[in-house]
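Order of writing sets the chain letters: A, B, C and D. Residues in each chain are counted from 1.
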Amino acid sequence: MKTSVIGATGYGGVELLRLLAHHPELEVASIHSFSQTGEPISNQYPHLNSIVTNTLEEIDADHIANTSELVFLATPPGVSKELTPGLLRKGLKVIDLSGDFRMKNPDEYEQWYKRPAAGREDLAKAVYGLSEWKRDSIYGADLIANPGCYATATLLAAAPLMKEQLIEENSLIIDAKSGVSGAGKSPNAMTHFPEIHDNLRIYKVNEHQHVPEIEQMLTEWNENTKPITFSTHLIPITRGIMVTMYGQAKREMTREQLKQIYEESYADASFVRIRQSGYPSPKEVCGSNYCDIAVTYDERTGRITVVSVIDNLMKGAAGQAVQNANIVLGLNERTGLDIVPLYP
Amino acid sequence: MKTSVIGATGYGGVELLRLLAHHPELEVASIHSFSQTGEPISNQYPHLNSIVTNTLEEIDADHIANTSELVFLATPPGVSKELTPGLLRKGLKVIDLSGDFRMKNPDEYEQWYKRPAAGREDLAKAVYGLSEWKRDSIYGADLIANPGCYATATLLAAAPLMKEQLIEENSLIIDAKSGVSGAGKSPNAMTHFPEIHDNLRIYKVNEHQHVPEIEQMLTEWNENTKPITFSTHLIPITRGIMVTMYGQAKREMTREQLKQIYEESYADASFVRIRQSGYPSPKEVCGSNYCDIAVTYDERTGRITVVSVIDNLMKGAAGQAVQNANIVLGLNERTGLDIVPLYP
Amino acid sequence: MKTSVIGATGYGGVELLRLLAHHPELEVASIHSFSQTGEPISNQYPHLNSIVTNTLEEIDADHIANTSELVFLATPPGVSKELTPGLLRKGLKVIDLSGDFRMKNPDEYEQWYKRPAAGREDLAKAVYGLSEWKRDSIYGADLIANPGCYATATLLAAAPLMKEQLIEENSLIIDAKSGVSGAGKSPNAMTHFPEIHDNLRIYKVNEHQHVPEIEQMLTEWNENTKPITFSTHLIPITRGIMVTMYGQAKREMTREQLKQIYEESYADASFVRIRQSGYPSPKEVCGSNYCDIAVTYDERTGRITVVSVIDNLMKGAAGQAVQNANIVLGLNERTGLDIVPLYP
Amino acid sequence: MKTSVIGATGYGGVELLRLLAHHPELEVASIHSFSQTGEPISNQYPHLNSIVTNTLEEIDADHIANTSELVFLATPPGVSKELTPGLLRKGLKVIDLSGDFRMKNPDEYEQWYKRPAAGREDLAKAVYGLSEWKRDSIYGADLIANPGCYATATLLAAAPLMKEQLIEENSLIIDAKSGVSGAGKSPNAMTHFPEIHDNLRIYKVNEHQHVPEIEQMLTEWNENTKPITFSTHLIPITRGIMVTMYGQAKREMTREQLKQIYEESYADASFVRIRQSGYPSPKEVCGSNYCDIAVTYDERTGRITVVSVIDNLMKGAAGQAVQNANIVLGLNERTGLDIVPLYP
């Protein structure tokens, strides 16, 4: 099946190209960007020399509809909102890696993103693509809103807590740490090497735009969900997110019992690995689509701590996008994603 | 005044040598270690060439008593417990950077450190050296238990919360991040470059040995203190600790009000800087004795977030040790510590 | 075809497991180490959870001969010298990643490695596995001495210079930079994070044990080869080698002419990519078997500069080992190695 | 004595502020920049909170002449060329950290910098401020052209080679490695964290603008100097330069003899430290004004290798600028520079 990648020159886009280069069922028919059109992408990304020979093309919905059946949108905020309706009308399947279609409520989008939301009708068509928990809705859908990187690591860690009502609904605190590739490809003062190397920064405290999509999903799982505390830290690594999550347990339990609940929750989720002992680190999933999770219960405080790690460009972006494409098309969800983490 | 440094070859010891090299009132009479005695320390640390010409000597209490009036102990756990009583008997002032004398209750020490505690009498002599809050007790004391690095960053951030009863006493959650120099000079699997570079790790979840000294001090400030949740993360930076602290506010407030309480609490603490806007990062205090703190209040959740950063080898170890020596001796506490952070 | 990996717990070994997990023709029958036998390798390397389920076994030649037809030895110096003769007698093909069989002259080995060499007869059986230049000898061979990581990056860069007699034979200067994974998995003072992070070190100046294998190969290409100057630097990255090579040109030329000679030299070498413009960086080959090369000629000095980069664990170790196994067995040399570099 | 810093918001400027904050003879009367005037510099650099309280002012030569007697210019290329003549006319001493006044020959400047040179008369007034070798000319001078960072590390390493005619004059090859702070404070694609972290890059091969000032100084020392080969690499560290230098010895020697020549050459240079054994690394001079040098001679090739390290923002910029100011004013050259390197 022919696919197109729009926004191919960002880190999410170039990671899609890595995955699609060896996907047995999806073939890249065309790649698109707003700038440097007419040039081979390998000019900008020489690691693709002799591997990806495509030339960047302008974004033309008619042309894309002629060449492809499925489109990945790895575009900045506000772009897919404009492009998607036209692509859907031409019968294309759309996997959108941006935040434009994640919120059902446009007001919440506008409050957190500080920009106009997509139309209510378009939003209604979108399926939130948290693969492990939305498989049935994703299958056959036309428009997938691929979750944010922080949201993916958070929701996979929180799902059993909230669905199984393990914690007080008003007690969820999420301390999240992300690598710098999550900030995208454009240099700025915060991502300038001398500023973040040998350093770390906390930012957007209680203001991160992934908060509403997390709360929307938590509420779907547990209607008593209360606002969460969510802090994001920029860490001097390139790829990887670690979420450390705290919640007040509703009842006493053992680490073993807690682990078992997680294992059962993810029994048929081959990309979610529950740690038998110890705690995961982001390097252990680097370059792969895995989400590794560890849990513990502290008797002194009655609190549960959950730790989850993902590669933000993979399970947090391009990997989950391909997984969702696989599910949409009825393929095995691991197709093209059977990748061993790169360690060390 | 003549001083000796015992344990001079560790990172805490060598940082003491940096500070003492330019301290106008303290002069290094001798340096001591368990190994490599007879060699100039600059063999092992060539950055000290032409600056520190001392040769490492064996640890001999009689000899030290003859040459020095004040001793810094930067030794592994369990060592100062053995050395200190003899040094005190000879009339020396002792600043102990290890954890041996921090806990008043030997049982708690043994529970968290998994090793025998110092004697109750010796423990009774020690003053917990959290400089900003213990100045009166430190002045003239014979034995200072210098706080742990995590404990320093945590307690300076938590003091106003607990003393002013701003938060529910059972709601304190501390998510702490430390650079790798905090793990000391001995290589191990966790500090091997390929394992922690471009990576981070959570470790000792709810089990870190700095928990009891934190709770001991919090309880002194507020007798309703309940057990804390305390998570430690190893971050791929050399120096620096960041503590992100969460607590449920007892009443509504504004960020401005909260900031003002912190400013008043630290009005006469020149090493504690309250941020007017934004959040601090560890590089902003690198090589200095500052602790930078920012606070915020979230209306959605009613929670307070406090962020504090220190250089773990400075305010978290050697810097606070020199500050305490200054206070013990009645000097201005900034003597020898008037250092501009090294940025970038 | 069944294979065994001896020395599976080192970085070279675990990288072999990554490659073999998805190699369509080679299957891992058993993995072996000197320690932790009886345990699943995923205990030590949790990134392999649910992917590699093998348990570490003792090293028993008879047993290995029963289960496998080809063996990879990723063992410390001096080990394969002992194991290989027995394995060969049992009819196994051996790919040795250590330096034990690289030198034809045992005296040179002993001079540079400071340890006893393998026997002359055994050495005579070994083929030096620089894949691109030794394909004919490798095909069908029983024992492959896989080149060193520095040697691979150096020789691929130097081959056209020496074979085409482009430079004065006594003018070759090689300034090599390597990531820390090249130092192996055992922690030591030089690889301790606080020592090498935000730092770099030059080491083994003119004394590196890869010098003799480089000179042996250069001499095979050009009998007028003179001793080389070879400096190695440890750089704070995990994977990757960059070689910067200088030579005095025998005649004037343009960058374009020089590039063309390199392109012709590597016309049928799909893993060697000659840069059309700019210079390569190690991240552009990360996780892959590529060697990227750029060349330039300086009119002011009449000198040629060649820059080459590889992933030291891939083209510099496990990747080339699998490439050699493919050639030995008559497979397409890219089998199982068609990997897109992980960027960024 | 009152001084002003123009270009205070760059990394060189802010490092000057660190040094001047504790300089006993120089006081900062005013700081200037092209942007953010009217704001305290601590808004932009919070590490200066409570330490440097100056507000950024516009650049007004008259005003500066009224408040200061000596000016540091830490401005981008082409700026000091415009400002300096006016400042000199008003009787100010000028220390220029940019490249504008380093070349005596304006044609060479224009060839390498690709921009118009300063006037010949102004160039004639400038003294090249390589402190250790130009003390007599610097003393009392009005205009100091502070050397480039690469040039400083290179020239201090090369001086004995060329002055003592130890090497063939056409054989000098310099392989230089620099931290990213050398690229300045403005973010760009090359200094974006995900691009250079866990990576390194070679750039400006044979084209770096420090080449002509190096050759100018070498020629002053040895009129037979020939063009040099000079390669620059960007390394993922913040501060620090390492130069690895190769030359063909004119005669056989021992490492010991070579070391002795260097020790004699730098007998009265307290900031240049010759290593008795081993090789220096940049972290060993971090934050200080030292240049550490090691030398070796290789019998196999007859080549000398010299390794030098500096902190590019200190001995390579602000440190040497203060050292030069001290010499200009007849102070001890270590005044305000007696700083222990920050290690680790």
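Everything that follows uses one rule, which is that a residue touches a chain if its C-beta (ideal position, glycine included) is under 8 Å from a C-beta of that chain, and two chains touch if they have at least 3 such contacts.
Note that this is a predicted model, so its numbers are computed, not measured.
Most remote chain with respect to subunit B, judged by CA-atom centres, is C. The interface holding more C-beta pairs in contact, when A-C is weighed against A-B, is A-B. Rounded to whole angstrom, the centroid-to-centroid distance between subunit A and subunit C, based on C-alpha atoms, equals 36 Å.
Separation between the centroids of subunit A and subunit D, computed from CA atoms only, is 46 Å.
Inter-chain spacing, taken between the CA centroids of subunit A and subunit B, is 39 Å.
Residue numbers of subunit C whose C-beta contacts span two or more other chains: 11, 181, 194, 197-198, 236-239, 283, 344.
Against subunit B, in their complex, subunit A makes its touches with residues 170, 173, 175, 177, 194-195, 198-203, 205-206, 226-229, 231, 233, 235-240, 242, 244, 246, 279, 281-283, 296, 298, 300-301, 303, 305, 307, 344.
On the subunit A side of its complex with subunit D, the touching residues are 11, 179-181, 185-189, 191-194, 196-198, 236-238. The touching residues of subunit A, when paired with subunit C in their complex, are 11, 14, 17-18, 21-22, 45-52, 181, 197-198, 238-239, 270, 273, 275, 278, 280, 283-288, 292, 338, 340-344.
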